[in-house]
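Naming follows writing order (A, B, C and D), and every chain is counted from residue 1.
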Amino acid sequence: MNVTKKLRGLSRELIALRIANELEDGTYVNLGIGIPTLVSDWIEGRDIVLQAELGMLNTGPLASKDDVEQDLINASCQPVTELPGSCYFSENESFSMIRGGYMDTAVLGALQVSEKGDLAGWNNPGRGLPDNIGNIGGSMDLAVGAKKVIIAMMHVTNDGEYKIVKKCSYPLTAEGVVDLIVTDLSVIEVTPKGLLLREVAPGLTAADVQSVTEPKLIVSPDLKEIQF
Amino acid sequence: MNVTKKLRGLSRELIALRIANELEDGTYVNLGIGIPTLVSDWIEGRDIVLQAELGMLNTGPLASKDDVEQDLINASCQPVTELPGSCYFSENESFSMIRGGYMDTAVLGALQVSEKGDLAGWNNPGRGLPDNIGNIGGSMDLAVGAKKVIIAMMHVTNDGEYKIVKKCSYPLTAEGVVDLIVTDLSVIEVTPKGLLLREVAPGLTAADVQSVTEPKLIVSPDLKEIQF
Amino acid sequence: MDKVYPSLDAAVADIPDGASIAIAGFFTAGTPSPLIRALAKRGVKDLTIICMQMGPGNEDINQLIVNKQVKKAICNYPFYRSATRGANSPAEQAVRAGEIEMEVCPMGTFSEKLRAAGAGIAAFYTPTGVGTVVEEGKEKRKFGDREYLLELAIKPDYAFVYAYKADTIGNLSCHKTARNYNPEMAAAGRITIAAVENIVRPGEIDGDMVHIPGVYVQRVVKVDRPKYFPTID
Amino acid sequence: MDKVYPSLDAAVADIPDGASIAIAGFFTAGTPSPLIRALAKRGVKDLTIICMQMGPGNEDINQLIVNKQVKKAICNYPFYRSATRGANSPAEQAVRAGEIEMEVCPMGTFSEKLRAAGAGIAAFYTPTGVGTVVEEGKEKRKFGDREYLLELAIKPDYAFVYAYKADTIGNLSCHKTARNYNPEMAAAGRITIAAVENIVRPGEIDGDMVHIPGVYVQRVVKVDRPKYFPTID
């Protein structure tokens, strides 16, 4: 299922920007590792509260070298800063929040997403670890706990293989949890009827996106170019 | 089963003193409502940490009128004071501690104790409330959670009925949890073989105590007068 | 994300008939009484109230009872300790008369059920209550050599909590034993309303002194706290 | 009740072969590394270690692995994120070679299993992991319209925790994100050993700023904290 066609799409930064625009003011958001982390660059000054899994709310921007404190990091081990209203709690409390439904949105990376919204993100068999061993981290709790799950990823793998698939072949993070997929090529909503293609990257057609997507896409009657 | 004989024994204060002597230095103790609360009068200055169920460790002596703070009370709604090292936590954390086995000793009152160490303390049917309704409070958690349960009570009811019984007729607090019973008349240890009478109040004999105790007592070969 | 409400009335304005409400406080410590009074004033009915007790420091609950607003109560130490005082309290009288349904939990199980709801845990096994009336109708199961009861989470529609200090985005800091049920009830409530003595700007509470993170709190209202003189119940 | 130990060596002196040890810390934040080094020095074997990960900020764990002191590890994010860095780490190499047994839990389930042990809860139902490899061998059960997995408490023999400040009776206060796993691991350990930057007298920590009540802490030892420069793993 190697996808031969190469399409030019958004940069990682613009994927993050498109997701930032999707977030609503007055909400609590958790950003996963990878492209999701970049979303924080686009929401400074907005009324959005970021949570860090290790036990912090109102996580501020990355710290500059002079401000680095080893006891003030985010869940990706990056030094961060405080904002007015930052507060701290235990990792257990943090996951109580997450499982308890207090994250309005989780933005996560993915290896594969299925047409039913199944998410596979924690275990790349290509790494060659023993079965069922890998970095689960907070992904499974976030995927089942957040009210809305947005996936930020490249549309296909570096080798050009499908990442949006009929059925995930990689180990699952959670079943049927994904609400929205934002890739370098498209914005796709997971609906009960299937995957709804809502937006395409500038210059691309629905057919272009379908050509690199395994399941059949429903093309929105309002299909438009991704805008920022 | 009205017990006719009236025996003169220790005051409530002396029951509390006998229990205070049973407590070991360097331990964490929770005192229930009633006679158990009086134990605190006998341990001032000792290396014993009192826990209050609502969420306090190192609970200090009762506050005098001038020091009363409505946000600084014990589990009996009495104003208390701080000691060096007092700390606060939620009621849920408090019961995590209790169920988690962190109380070395709980001193509780009782309506009845059986020869197997069953405890009935939360519900006096004489109050006439509907079935299964009453003030359970922290008693059930303390009874199952504490490493050692000491009962502080009068040996018989005001009406002269047995409180140390073959089988509890009142609703149970917990099964088989009592380690030691200290009454106005005796100190009795609950052992796998039955109730071991270890000490009697000054002037009483083992036969006197047996006459107001329903189950057959095993008299310790080292039986002695309660000493302080 | 300003969560400050202008008045008690505004803070409770949308509570409908039939709502379940967790009310924090342990006797005189940390009880959000002004919210209870506002609820009594509104007059909504068929409420389920989830609170430690209906006695000392929580006498305002009795107004709800007298108004016949309460359908059910879930408590762990519902009544006055004194049978005489209890017999004179509207809450105990209503229970005796069968006018309100009453469910009693052990104190630790009570807050653990609320904690579970806030933490997305459906149910848990506790050793408390085995061999007592508490086990009636519940699954009993052995782990290791010990028996445990399965207890279910309780998820209230609303939670009334109290704090010494809040910032405008809902971070709460509690004072001494007034913390008690407040953190877990705040997390459990779908809508959590905090009655607070002081409101400050974000950043004016040390982040390590926040006992209830703002994410759990939807509404904050400043109150003049009623003064109680604590006395054994 | 003075819990202060004179040295790291004294604080870990009784840990036997085969012990299970929970080790707190989230990357560079709140990791009790000096205790891990003391353990490596002692050379006890067949350990089960329970920690978030064996990568950034927790490199000292690798000394235990290199020394072949570890029989089993329970983690939630065990390895470096980078496959390349991972392939060079003794921990990942030992897992690949089957030299240590590895159990991986979701991050929330991981700390909830420790929290349950400390709180006397035998097991709990969480929605996390349903439909994934995590559910293998576990009871799955429906509450309402949702499925949950039964997860069991993990009770370690020892816990290694870290705090910014301790008093001599074991009350601990943490600093910012260094709190992370410390409170729940402190409660879970049968013997909890705290490596702390500062020791003060009882009364010198505000009782509302104690994040880990002293009852959970059996030993306190002052350390010069190793400095880390946090960087994405």
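Annotations
Just so we're on the same page, a residue touches a chain if its C-beta (ideal position, glycine included) is under 8 Å from a C-beta of that chain, and two chains touch if they have at least 3 such contacts.
Remember, it's a predicted structure, so these values are computed and weren't measured experimentally.
Set against the Cα centre of chain B, the chain with the most distant centre is A. Chain pair with the larger contact count among A-D and A-C is A-D, by C-beta pairs in contact. In this assembly, the C-alpha centroid of chain C lies 33 Å from the C-alpha centroid of chain D.
Chain centres here are Cα means. That of chain A falls 28 Å from that of chain D. Here the spacing of chain B and chain D, counted between their Cα centres, is 37 Å.
Residues of chain D found to touch two or more other chains are 112, 115, 119-121, 126-127, 174-176, 179, 207-208, 211.
Looking at chain B, one finds that residues 56, 88-89, 95-96, 98-99, 145 touch two or more other chains.
Inter-chain contacts occur between A-C, A-D, B-C, B-D, C-D. In the complex of the two chains, the chain D residues touching chain C come out as 112, 116, 119-127, 143-144, 146, 148, 152, 173-176, 179, 207-209, 211.
Of all residues in chain C, those touching chain A in their complex are 1, 115, 117-121, 167, 169, 171, 187, 201-203, 205, 207-208, 210, 213-216. Across the complex, chain A meets chain C through its residues 26, 28, 47, 49, 51, 56-58, 82-89, 93, 95-102, 145. Put simply, chain D touches chain A in their complex at residues 26-30, 53, 56-57, 76-79, 81, 83, 86, 92, 95-96, 98, 102, 104-109, 111-112, 114-115, 126-134, 136, 164, 174-184, 211, 227-233. Residues of chain B that touch chain C in their complex: 33, 52-56, 68-73, 75-79, 88-92, 95-96, 98-99, 118, 127-141, 144-145, 171-175.
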